[in-house]
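Some structures to go through are shown next.
Both of the next two complexes hold subunit A, though its partner changes from subunit B to subunit C.
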Partner chain A sequence: MELLDWTLVSSTIRMVTPILLAALGGALCARVGIFNVGLEGLILVGAFSAIVGNHFTGNLFLAILIAALASVLFSLLFAYMTIRMKANEIVVGVAINFLALGLTTFALRAVFGVKGAFYDKDMAGLPRLDIPVLKDIPVLGDILSGHSPLVYVAFIAAILLYVFFYRTVTGFRVLAVGLNPVAARSLGLKVTGLQVLAIVMCGALCGVAGAQLSLGQVTMFSEGMTAGRGFIALVAMMMGQSHPLGILASSLLFGLMDALSIRLQGFSLPTQITSMLPYVLTILAMFFLKDKGQGSSNQQSTR
Partner chain B sequence: MAAVKELGKSLVQPLLAVVIGLLTGALVIAAVGESIVGTYQEMWKGAFGSFYFFTSTLARATPIMLIALGLSLAFRAGVFNLGAEGQMVLGAISATLVAVYLPAPGMIKLVAAILTGMAVGGFWALIPGFMEARFRIPLLISTLLFNYIAVLFASYLVTEPFRDRTGSAALSQTVMLDKSVWLPKLFAGMSVHAGFILAIIAALVLFWVIRYTPFGYEVKMLGQNPLFAQYGGINRIKVMLTGMFASGGLAGLAGTVEVLGAHYRFVDGALTVPNFAWTGLMATLLANSNPIGIIITSILLAAFQTGAMGVERNTDVPLELASVIQAVLILFISAKFSYDWWKKRKTKGGESHGAA
Partner chain C sequence: MAYRLEMRDMTKKYGNFIANDKVSFSLAAGEVHAIVGENGAGKTTLMRMLYGMEQPTSGDIVLGDKKVTFRGPEDAIQSGIGMVHQHFMLFGEFTVTENIVIGYEPKQAGFFKRKEAVEKVRLLSEQYRIPIDAQAQVSSCSIGEQQRVEILKVLYQGADIIVLDEPTAVLTPLEVRELLQTIRNLAQSGKSVILITHKLQEVMEVADRITVLRGGKVTGTVSREETNVDDLARLMVGRELQELSERVALERGPLLQVENLTVREKQTLLDQVSFTVHHGEIVGIAGVSGNGQSELLQALSGLRTAGEGSIRLGGKDVTNQSVATIRRTGLAHIPEDRYMWGTAKLESVEENALMGYQRKPEYYRRGIVKREAFRQVVRGWVERFAIKTGSRQLQELAGNLSGGNLQKLIVARELGQETPFLIAAEPTRGVDIGAMEYIHQALIEKRNQGDGILLVSSELSEILALSDRILVMYKGKIAGELARSEATEEKISVLMAGGSVHGSSQRAR
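Our next item is the complex of A and B:
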């Protein structure tokens, strides 16, 4: 087995999708001054709801929609607690994670009557899209074609978010809220509304991330299947400085390390060191890029 | 007297939250079609039903309590230390290595291991503190990142250089510690160990420090009004760094006593899987950072967890019942807790800085 080949890139792209989607959601929150540690829980809710949706409707599109809606519902709870009740966002995020883990486990029992994991061999997962002309090009075809539709959605979402932030009026307003909520409010911007909007969009993105996890990569749900991806997304968001294209790059790095560490197991090399690399790089990046795109992150420092 | 009153006041809210948490738990139990009363009976039995289960609850509360105490100190100084997990794991692995390899008699080795665990946890917490002080890199983020590095590094140490290769077990773990460095059990055959006593002592010391020492006063002032504190001549960086060191040291101690008193070896994942760090954060919040309150809330949260294990053993209700109850509890507390804090801020003249 080669250490580096083109299938490595292909599997990187597949692994990166849930992280990328969730990190974009986290960036939306960060840009309105909210540090959302609840990504993990939101993805988990999405993953479960996607399976429920698929089981009862048999329609993949509806399943993704249901996943997004369920996560939005959860994110509304987050929004209510942080904005309306002025609760500390870290605390609420932690609670959301625990709540999601607990409720999905109970719902798994209540809806499907099973423990641990739900798997149905007749359930269809997300199809692989073969892009007509592209798939025949030798290397590019292997890399870019044949992924689940949500993989493409994720990359498009990153570009759309970039356009949203830097090319639309609402996007500018969202950024203004994050930079200085008081000034934004005195300009007549609806700060609360924009914050809720960002949190809801974050919920939707996390829901889709969950759907990719449970329907795209495998076709099953198991308890706690997010396995820390929400926190990795959080780190990818920090490393990307909450900039959509930066996040695209940092997520790809995480995905590559992930794919690489699986590959390294075949070479009996310590995988922990490769897994550690993105975190070390993130810390180093913070030394150089600390003044850009801080969102809520600088609140801690000023206190 | 005032202390008792304050403690009582800070316990009313958590008690109400516990009731609401249990009611929510009842809802989800009903949703899976089990008996609510029966389940809660099992939960009670699993946590306090016999002396054995009671001591298991105390054993589980030990690391939670130590972590919570550390976090409360950082929290009081106005810094959010999210790195307890890494500080705990790194402290634990260092203490284990000292306990295994230091050529010294048992008692000295034990003390050395505990001190090493605390020092390593403390220094690991000091690095993000220093990065915040010197380079203004937000502590909130750096502590979170440091967790991964610490956990992965410890995992590397026990899968490669220090792995126990004598047994046939495929687990990544160090060799078993010599009996002479084991922390003694408090009761023969029961799981609670001397670490619990250390945790109680730590709580009392912290209570004393916060209430009666100049440092405690500085921490309190800094947490309540940083600008005023700085104006009053308090060295913010010094207090913050000291707070972080103590906070990390207690987290390191938590990991150390868990190894020396319960596992007797460092097993990869054994400290991270039970989620001690986040539970510790919850215990701090529930107790509103009051050290004596933390003793109670840690035991309470541990009781939910050991109780839920009993529930899972004897009924069809899953273990995650504890997660649901804890989450609701925290949501309820956080709203009230921050509301108070915010109100205090507002009446002080509406400083717009700081996290709402």
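Our next item is the complex of A and C:
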């Protein structure tokens, strides 16, 4: 097996999806001035709920919907704690992560009666979408065609988020809230409402990210299967300066590392070593980030 | 006469404290009506009630011929009342246009029509002769331009009554002139302007009528023709203002010697600055803010590293020493930004006063601060400077004090250090005439005792009133030096703008 070939690009695109979706969600929160470290937990809840939804409804579309709803519900808890109760967002985010880990592990036993992981060979995963015409083009077809629908959703979401931020009125106001909440409030903008909106949208994106994780790449759920992807998404968000297209680029970089780490396992490197790759990159990325604030933190104190 | 706006017998009580006591105020179409008064006279309370941010205890607001109640700023904006806040409410990263239209964006199917917005802003800018670059980023605009953005925003929102809260406090002399012209233009085109200020000179230039508040009551409403600055000052303060003490001529040895001081960051912020402050001398530094004054003060006080040059204080080299060392050597510092450098907003008045004194043997023993001993001193300051500390007195949070009172606390604290050298940066920013008089007097007395003061102020009148010598800074350099006898506002203004003054003695090495 070669180290680098075109299938690596294809698997990069597949691996990037959950990171990209969650990073976009994180960017929404960052843009309203909330640093959401709970992405990891929100993805995990999504991943579990997708399996539950699939198991009980047998309908993949409903499964994704249930995943999104479950994560939205969780993100509402985050919103209530940070905005209404004015709790520290980092603390609440960490709490969300542990709550999600504990709750999904517990529910795994309660619902499916298994420990560690749930797998059902009869359960259908997300289908591969073959895009007509494109799939027949050599190389390009292999890379771009034949992914789960959520892969395409993720890339479209990045573009939609760009349009939302920079072309729509609501997006413009969302940006305003993050830049200067005091000024936004004095203009009569609904600051709290916009913040909740951003958090809820973040929840939905994380839910879908989770669904891709448990239904797209494999068709199973295992405890803590997010394996730090939420945090990588956080770094991707910061590296991309909370800009949708920047995040697209930085997420692709992390997706590539993810794909590479799997590829390297074929070279009889221990998995423990190869799976460190994305995290090594995360640490390296921090060096480049050290002088740049993430999009939301450059507000000045008034007075 | 039918007024556009009338406020009748407005009263606002906070507990037992009466902030406004039957204040009546009227405003005609096309009129500029100034409200003047010292800090705490009730100007802000009155305007907050007009803008829906406070509810009056009693009294009526009548717009046209209708009685109105505003539950919030939105209601006031809807009724055509616009407020330009003293602290701008702008988004630095957005463009001028975006800042003006925000909240009332032209849109189609949820999409923001930016081109149409730019067009609207251009039209508005021409209509009211308020020049602005509609597509510039606000953070790259000067303070004067930012203020124009605020005024245009209010006009865009459809205001007929425009409230300007201390609009000239942050402007350069040239910008002030432009603003006053803008106010006249607005009045000519039928808008009514309420101007809140304590700069009486400006009031006399632009206002049609003037209402003076003192202690929450109206002490007079007069038309401009029948009054003058002195009368207004008397109405405001309630007594005659005193002349400053005589300047005593003193034997003047050098105290602070700065040579070739240079500070670089990405560009050169301070370029080969040399000057001397003598004992018994006040040296004023004039200049448009952002021309190196802040960097100079920070380098002198140890808050910023100097790249080149030397600073000697009382003969001792203090270049790039720590703040504590320099202060021990003999520096006290009234910082220019009282919130950033001067106080801890979330701590009490007492704690804030204590800063810098905590290690003095009088108030400190074996790691324990002797609070009671110190409290006496703070009480003395509060009394002498008439600092209004609020209901919890010394335990009140510093952030709850009004800007002027907080400034007085800082001035008292720094003067109390009784060091030979004092940096006074904007010592009277935001304080009222009475307190300003007191602070000026205190500075002159300090000078007469043989101490040296470096005064940085954006108020030329303050520089002219206090300084023995005036240095003008432009682009990180000292652009010129004027002796007290030869200094005029015009000469300084020219130097501030980068010109040169014939006959000014270029700074001596």
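Please note the rule applied: the second predicted complex is superposed on the first by the 263 of 303 C-alpha atoms of A that agree within 3 Å, B and C clash if a C-alpha of one lies under 4 Å from a C-alpha of the other, contacts with A are read in each partner's own complex, and residues count from 1 in each chain.
Just so it is clear, contacts are C-beta pairs under 8 Å (C-beta built on N, C-alpha and C of every residue); 3 or more make two chains touch, one makes a residue touch a chain.
Bear in mind that the values here come from a model prediction, so they are computed numbers and not experimental data.
Novice: Comparing subunit B against subunit C, which has contacts with more of the residues in subunit A?
Specialist: B
Novice: Can A:T170 be said to touch subunit B (first), subunit C (second), both, or neither?
Specialist: second
Novice: Looking at A:K115 after the superposition, I want to know if it touches subunit B, subunit C, both of them or none. Which is it: first, second, both, neither?
Specialist: first
Novice: Using the touch definition from the top, say if A:A124 reaches subunit B (first), subunit C (second), both or neither.
Specialist: In the superposition, A:A124 contacts neither subunit B nor subunit C.
Novice: Identify the partner contact of A:M85: answer first if only subunit B is touched, second if only subunit C is, both if each is, neither if none is.
Specialist: The answer is first: A:M85 touches subunit B but not subunit C.
Novice: Can A:L284 be said to touch subunit B (first), subunit C (second), both, or neither?
Specialist: Neither partner.
Novice: So, does A:V182 touch the first partner subunit B, the second partner subunit C, both, or neither?
Specialist: A:V182 sits against subunit B and subunit C alike.
Novice: Which positions of subunit A sit in both the subunit B and the subunit C interface?
Specialist: Comparing the two interfaces on subunit A, one with subunit B and one with subunit C, the shared residues are 182, 298, 300-303.
Novice: Mind pulling up the subunit A residues that touch subunit C in the complex?
Specialist: Checking each residue of subunit A against subunit C gives 167-173, 175-176, 179-180, 182-183, 186-189, 298, 300-303.
Novice: Under the stated contact criterion, what part of subunit C meets subunit A in this complex?
Specialist: The touching residues are 72-74, 77, 85, 87, 89-94, 98, 102-103, 105, 107, 110-112, 339.
Novice: With touch defined as at the start, can you tell me which subunit A residues reach subunit B in the complex?
Specialist: Residues in contact with subunit B: 35, 77, 81, 85-92, 94-99, 101-103, 105-107, 109-110, 115, 182, 223, 231, 234-235, 238, 270, 272-273, 275-276, 279-280, 282-283, 286-287, 290, 294, 296-303.
Novice: Which bits of subunit B are touching subunit A when the two form their complex?
Specialist: 28, 31-33, 78-80, 82, 132, 135-142, 144-146, 148-149, 152-153, 155-156, 159-160, 226, 278, 281-282, 285, 316, 318-328, 330-331, 334-335, 337-339, 342, 352-356
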